[in-house]
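Order of writing sets the labels: A, B, C, D, E, F and G. Residues in every chain begin at 1.
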Amino acid sequence: MNLPEPYRLLIFLAGTLAFVGFHAAYLVWVERKGAGRFQRRPGPTEAGYAGLLQPIADALKLLSKQVIVPPTSDAVLFRAAPMMVMAPALMCLAVIPFGETLVARKVNFGLVMVFAFGSINVMAIMLSGWASRNKYAIISAARIVSQNVAYEIPMLLVAITLLMMMGTMDLQEIVRKQAGWFWNWNLFQLAANPLMPVTFLIFYICMLAETNRAPFDMAEAESELVAGAFTEYAGMGFGVFFMAEYANVVVGCSLATILFLGGWQSPIGWLPGPWWFLAKMYFLIFCVVWVRWTFPRTQFYGLLNLSWKILIPVSLFTLVLTSVMLKLF
Amino acid sequence: MTLPLPDLAAEFAACLHTAVPPAASPPENPSANGARTGAGAAPANSGAIREVEFSAKGFHLDVTVGIDGVVSAAEFLDRKGFALDAITGVDWIGEQEMEVVYDFFHPAAPWRVVARTRIPRATPVVSSIAKVFPGANWHEREAHDFFGIVFSGHPQLEPLLLPEDATYHPLKKDFQP
Amino acid sequence: MKVPLRDLGRGLWSLLSGMRVTLGQFFKPTVTVHYPHQALKMPPRFRGHIELVRDPETGKAICYACKLCERACPSDCITVEGVKLEGDKKKSVTEYRLDFTKCSLCGACVEACKSNAIRFSHEYNLAGRSKEQFIMDLFKRLEAEGK
Amino acid sequence: MNPPPLFDQPTPYLTISAFLLATGVFGLLRRPTLIGMLIAGELIFSAASLNLMTFNRFFAPDPAVGQVFVLFIMGLAAAEVAIALSIIIAVYRNYRSIKTTDLADLNG
Amino acid sequence: MNSSSAAPFLLTLVFSVAVLTAMGGALIAVLSHRIIRSVCGLALCCLGLAGLYYFLRSPFLALMEILIYIGAVCVTIVFAVMLAEPDEPVPRAHRVGSLVWASVLAVAGVLLFWGLTRLTAQAPVTVPASRASDGSVAAIGLALLTTYGMAFEMISLVLLVAILGALAVARPGRHKP
Amino acid sequence: MVSQEPTCSSDLSQVVRFAKLDELLALGRANSLWPLTFGLACCAIEMMAAGASRFDISRFGAEVFRPSPRQADVMIVAGTINKKMAPAVKTLYDQMLEPKWVIAMGNCAISGGPFVFPGQYAVIEGVDKLFPVDVFIPGCPPRPEALIEGILELEEKLTGKRRWPRVKPE
Amino acid sequence: MFTLNLGPQHPATHGVLRVKMTMDGEYIRRAEPVPGYIHRMHEKMGENRTWAQYLPNTSRVDYLSAMHYTHAYVGVVERALGLKPPPRAEYIRVITSELNRISSHLVWLGAFLLDLGGFTPLLYAFDDREKILDLLEGITGARLTYCYYRFGGLCNDVDDTFVRGAQEFVAYMRPRLSMYQTLVTDNIILQKRLVGIGLITSEQCRKYGATGPVIRGSGVAYDVRRVEPYSVYPELDFDIPVFPEGDSMARYRVRMEEMAQSLRIIEQALARLPDGPVMAANVPRVLKLPAGDYCYAVEAARGRFMVRIVSDGGEVPYRVKLRTPSFSNLSLFEETSRGLLLPDAIALLGSLDLVIPDVDR
């Protein structure tokens, strides 16, 4: 690729956009089909072959819905929130390497970048709740903030653990260091940290919580808060939140793949490539769906207790353990 | 802990007779005062306890209490560990009277007690037992909804099942929508 | 320290076994009846709206407008009209109006009918754009079916 | 040789920094509520950080020093916000208001 | 950032967007009546600042700006807003006096600040643009742990005290109803 | 055919008619009818049963029960509406955004059903007294198949043609 | 402090209950249920219809346990007339009642888990429920509002398919119950949400007249089937599950255990099912009840359901009073929900297993 940097960037941004759009739409389909299978029913079947046109029908419908801004709401923020919510996911995906060369923008600090832009997401969802001026939405907004603050900490601690092992914040470099057979993946680096699977679990749980997925979907808690922060949103405004949730899941699962499962590296030592990356990512996404359709929702204080009383101490412990192990060996 | 039924009946009778003031003495409840002037006061005050065949009627004790005996009857049954089943009214339009029926069951013993009192239809006022059985709160509101029975001393006698602004009492026999 | 750890392990195990259950269901076949393509067979006693029974000999409705069903119906949804034709012993039905939108499918009419002139249909998937179409004249229906 | 592009000159950065300071001071004086003042204070912090970073970029020989100081400022700002907000909430609990004018009895 | 291969025009465009975002955000932050909007303004301003840091050859700082200011500071402020100010402050009539004072002070501040910086900037640009660091994290880390080790520790101490202080101040109000 | 759609974004369609686009939109809407989680009485259980595995209205893309009226497209009025509830139902209908549809499920929603008698004081005799109803499903309660049939009927109303076979009960 | 109006349309209220909540953040200061949004005049209709015409109404008060309600109404009329249904009818009544109890509890399980945010158990529960509905539809012709019992017996007899189907169902359901145990009951998230939440003491139950799984979850073994035995329950061997904790988990466990007990009852009743008619011979054609008042209580899925009728000797009831369990159980909510968090209150509301038309009638 000899294109000048800005054009290359633009092309890759367009690619990222398409990637996000496709995934956001078809993960909804996967979710609905998967939920169906878990519940022994087929899920959408009638729109297109195996319901493949279902996301398109939904998008058409959402686009053609009437657009309103509730009179009681804060109109500017109400409109701004859906725009804000998609951007961070896009920015994060721009630095995620899907293959050796398949990355929109090489950044030395990819890891920090993902976390930095991930934190904007909170602002966006929270603003949507606040701007709606609906009691359920405001309760939900307050929940989102405390939940995300609580789970960002163990997530960052886990990231720091990996940072210490890897010695770089470059996501590509992190993947390259995991080349070879699957025991080179960070998940199995038991010599550096015997608790590595636990660390991975913490990361995964935090990822679920940060993306507001069940069993941590406090924000949308249907049976309690109607539709949470999105109660007043309709049409595409709501559709964007719907999509952003899945975009964030994609980001989270990609990051988990890179940090723990060796990114695009093949588990059998040869044929590395983006397909391996996607396969691993899809497996993690499947687990997200699986978890969602298995468990009831956690209680709010249970969620905070889990973070502050279990995840943070354990991740701190793994951090210390890793540093000791690294010093010893 | 369970008392045999005849003993319960006897004790209940004793309790009611001591609790119910003699007919001549002025009633304690000022709001019931007007209610009692119309109907004959003497029968309304005397308690009557009947043991009935359960398989034929569905309850064991049929207690008729005077208009002022409702609270003391409820207190007695509360002491004996009864629970409130329901409170309802029956509109005896022919006799121009309203019957208030209190059903009690016992959570541990196989007893059912029905207490009833008759109040004049024109001024249907009876004391509330919501202080004795908090569960009576809703039952009394419901009876107020349906029959317009006023439970004096009730904390919140507003329509429960009917719309908030309802002023009609649909289960009265002369109700016209 | 030991007890919290054990609790933690037990909790994790409960989550994993829950996931095992759902995964087991994931691979089982679906139980869905694909309704417009397939359909369940209604049991013989299924209570749809009522319909008039044709007398197999005469090919006419058995009903002779005795109005027992009309009287038995708790929701007043049946109106039966009949005339006594010349030469017949009994009346014969000319109009059997069923306001299905008020019916509670209790079956009082069928039980009240002494001559088995009405029965439950198996119409289980009615839907329409106006409610008038469910106020039906069963007699006309029977006639139309005969043709 | 062309003059370096706008973003390679210190002047725009310094100007923005001054602008941020101005808005910060303005907000600090104008805002009726404690939280509003806190936000204005954050702007002033940002102005200082930007200035530091600019000088580091264009005039300082050590590439790390400016960044280190900005990091320090960020850390302090975070700490300050945490403390300030907890005080504000405590004040709110006692006075049911966070307007500066309502808190006059703090004057003694 | 390799400015030689990139179109300077495009970069200048991005730069001006960053500048406008920062300035606009700052204006929103101080001028809007609703506090939640001023927090958004602050966030916007920080986003612009992050862009400026990027142009100042320190992408690391840019990201930290986003992470700390938007992800932590703004979110905390919003949270406090939710806790402490459920009602919007009523936009009140501006007091002209304070407005004048504020403007005068602001202008004075600008002049002073700008003058000082101009004076400093009179000095020649000591580090050629091309030789400036690319924001190497290693350098920052080294500096933090060697030269500025003491300051680093102090900051950690301050943060610790801040956490404890925040807990201590906010704790007593917690109670279950 | 296009003019049959009263609910299509009216201001635009009066000026220009994008027939093809309208058809496409109708197809999209018909395949993505999100109902409002709004059960009143017995029929609500059958509505839940229609969403459950045996009948599975998700096949038609209609399993996304939205609890917020803003996000729902079709209101399935499943049960009796009484005078105390009527204002709330009306509010819910008003809160739904265009285009919106109403399915009256069960006899109570169609006409008050078995709860209508001379001298009744509580029941609204048919939800069509409150707002327009698109599809009626009689029964007490209707079977889940009838609800699916109602959704198909609504789709037919939207797109103008029926894509599915009709089931004739034997 | 603000007021939150939960309902009348809210996913957690299972119908159209409104709860006026005064909240302090997410803590509930006061939660006052406002019923009446689906008041359907059942008691008024009793005074407008003949004794027989009132039968379909009983299936619609609590549509989830229609059999029990019809049982109570049929029972009270039989008591007034002195009718005795033949033993086969009584056994079939017990079998269908218990099947109905399981199906009602399955709906509760699904809806409760839905309140707690778990969706899949709802569909599994409905899947199992469909099997019961198939059985009951086969004999009654309806899925929900059965209207199957008649004064003095049943409207029609069961056949071998039903008996075999019921036996198969019992065999099928036992492993399913242990599946629910693994999937739901043991789940740590569910335990954390239910254990110790929404405490109800036995004294509160008594004061409010709460019955059914609510009182049994508070440690009182009150079950109408034992205390005021009706039908052929005295001949059958079953336990009354009691859990003394009084929290939402106890009520949950009571219902789960009750399903197992119902299976036991069905098994025994099927084994003993006698031959014979299903309708008493001496049922008068036109019913005129002797004047007086009569009560009949049954253990419905939600607790004690009592019908009190007052007859003036005519063809039409003078007064029909339905004492419904949900009404009393819900009246408890205001006191027990005080100080709870919103999601806990919703768990409590779900654990009370309300059917709103049962409250409003």
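Here is the rule we use: contacts are C-beta pairs under 8 Å (C-beta built on N, C-alpha and C of every residue); 3 or more make two chains touch, one makes a residue touch a chain.
Predicted, not measured: the structure shown is a model, and the values here were computed from it.
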Chain labels contacting chain A and also chain D: E
Least hop count linking chain F to chain G through chains in contact: 1
Chain pair showing more contacts of the two, B-F and A-G: A-G
Chain of greatest Cα-centre distance to chain F: D
Between chain E and chain D, distance of the C-alpha-averaged centres to the nearest whole Å: 6
Chain D and chain F, separation of their C-alpha mean positions in angstrom: 56
Distance from chain E to chain A - Cα centre to Cα centre, in angstrom: 27
Intercentroid distance (Cα basis), chain E paired with chain B, Å: 73
Shared interface positions of chain D, touching two or more other chains: none
Of all residues in chain G, the ones touching two or more other chains: 2, 10-11, 36, 39, 41, 44, 49, 56-57, 60, 120, 123-124, 127, 145, 183-184, 187, 189
Contacts with two or more other chains, residues of chain F listed in rising order: 52-54, 56, 59, 67, 84, 114, 117, 119-122, 140, 143, 164
Chain G to chain B touching residues, read off their complex: 35-36, 39, 41, 43-44, 47, 76, 79, 82, 202, 205-210, 215, 220, 222, 227-228, 292-297, 304, 306, 308, 310, 318-319, 321, 323, 327-328, 331-332, 335, 360-361
Chain D - residues contacting chain E, complex: 4-8, 10-27, 29-33, 35-36, 38-40, 42-43, 46-47, 49-51, 53-68, 70-72, 74-83, 85-90, 92-93, 98-99
Footprint of chain A on chain G - complex, ascending: 2, 4, 10-12, 25-26, 113-120, 123-124, 127, 183-184, 187, 189-190, 192-193, 341-344, 346
Sites on chain A touched by chain F in the complex: 32, 36, 39-47, 51, 53-54, 56-62, 64-66, 68, 222, 226-227, 230-235, 238
Touching residues on chain E, where the partner in the complex is chain A: 2, 5-7, 10, 34, 36-37, 40, 43, 59-60, 63-64, 66-67, 70-72, 74-76, 78-79, 82, 137
